[in-house]
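Questions regarding the structure given below will be posed in turn.
The first chain written gets the first letter, and so on, giving A, B, C and D; residue counts start at 1 in each chain.
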Amino acid sequence: MKVSVQFYSYFKDLTGCDAVEEELPEQSTIADLVSRLFERFPKLAAMKNSMLIAVGVDYQLRDYTLKDGDDVSLFPPVQGG
Amino acid sequence: MKVSVQFYSYFKDLTGCDAVEEELPEQSTIADLVSRLFERFPKLAAMKNSMLIAVGVDYQLRDYTLKDGDDVSLFPPVQGG
Amino acid sequence: MTRNLTISPGPIDEAALVSNRKMSAGMGAAVYFSGVVRGIEGEGAISAIEYECFHKMVERQFHLLFDELEKRWPIEAVRLVHRIGTVKVNEASLWVEIIAPHRGEAFAACQWLIDEMKRVVPIWKKPVP
Amino acid sequence: MTRNLTISPGPIDEAALVSNRKMSAGMGAAVYFSGVVRGIEGEGAISAIEYECFHKMVERQFHLLFDELEKRWPIEAVRLVHRIGTVKVNEASLWVEIIAPHRGEAFAACQWLIDEMKRVVPIWKKPVP
């Protein structure tokens, strides 16, 4: 299955792009996706512990099972106001 | 000595006036003045425990020694805002 | 800390007050409180509240509170307006502005000032049926 | 509870917003917060902050917070404006209004909303030298 991944804030600088697509086995979780992304973008791995992840417009935990076509967003801690 | 006493809010209704003068012995305290006023205005005595007292523009305690010409104000709990 | 105190029977023009805000470049937070006359007081409906005050003592007590405010928090400016006389339902009787570097101190100072005002500033109200 | 959320690059016209306040006769308190860009960020002087956001998720997350606000306090109305894009020093990036019967709940709700926003609403800032 295929998911699209969007980066925000300085995660775009760390990966050098705004968005990518990833091809994953069925039943993959967010944790699986993140491992794959860390291989592809080593600089992103350093942010492991301060990374927020959403699917669509809702936050999801690492054990969330992805579906084909999901829109995943990765970003650093938020700073509104 | 003579002091002037000003009433505010519903203390004016209880005493039937805005202000009075009181003639007191030298070294009289606010407590002495208040006793005198309670005799003169029995309805005021009921407010004994919820009466604020100022001399000039500052709050003073019952043991404050009055001076000739002092402006004393008596009023109920405040309710601004 | 700059202070601006207005005790007056005129309506409070909140939009004009907000437009006249002054903040230096180190300030990040402005907190405002508008106290508005409610249509119910105690048991029944009312049309207005009549505010009476001991004017000179009101000024004195507010300035004592401002002194304390300045000691407790790094406030750059406080502005406070209190109407006296008749204030109709839905109109503001009190308006407060606190300018501070951060929101924590601005909120704390604003709440403290209003709480203390209700304890010591000689203003009284009488509901108008 | 009525809700009004604006996420926009335009300047926040606080005076106009205050002028458009709507309060029913049972409401006695309006609390406002204006978050203003400071001239110092971290170590150095800055001229502005550039706000980036994940717009659709910002709206979703604010509405989840408004749902929670409504459960916790008897708020009649909340209005919130957050600027995105470049906001110069001394200009407001955030404006919040809470309308409630009494000041206690209005202050509590306003502070809670800002704290939670800074935890979950996907907006990021970048200082502009």
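The definition used in the following text is that a residue touches a chain if its C-beta (ideal position, glycine included) is under 8 Å from a C-beta of that chain, and two chains touch if they have at least 3 such contacts.
Bear in mind the structure is a predicted one, so any value in this text is a computation, not a measurement.
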item: Topological distance between chain A and chain D, in contact steps; value: 1
item: For chain C paired with chain D, centre-to-centre distance based on mean C-alpha positions, whole Å; value: 22
item: Cα-centroid distance, chain B relative to chain D, in whole angstrom; value: 48
item: Chain B-chain C separation of Cα centroids, rounded to whole Å; value: 28
item: Whole-Å gap between the CA centroids of chain A and chain B; value: 73
item: Junction residues of chain A - those touching two or more other chains; value: none
item: For chain C, residues that touch 2 or more chains besides their own; value: 35, 114
item: Pairwise chain contacts under the document criterion; value: A-D, B-C, C-D
item: Residues of chain A that touch chain D when the two form their complex; value: 6, 8-10, 52, 54, 57-59, 73, 75-76, 78-81
item: Touching residues (chain side chain C, partner chain D) in the complex; value: 14-16, 18-19, 23, 25-40, 89-90, 101, 103, 106-107, 110-111, 114
item: Residue ranges of chain D in contact with chain A within the complex; value: 35, 51-54, 56-57, 59-61, 82, 93-94, 114, 117-126
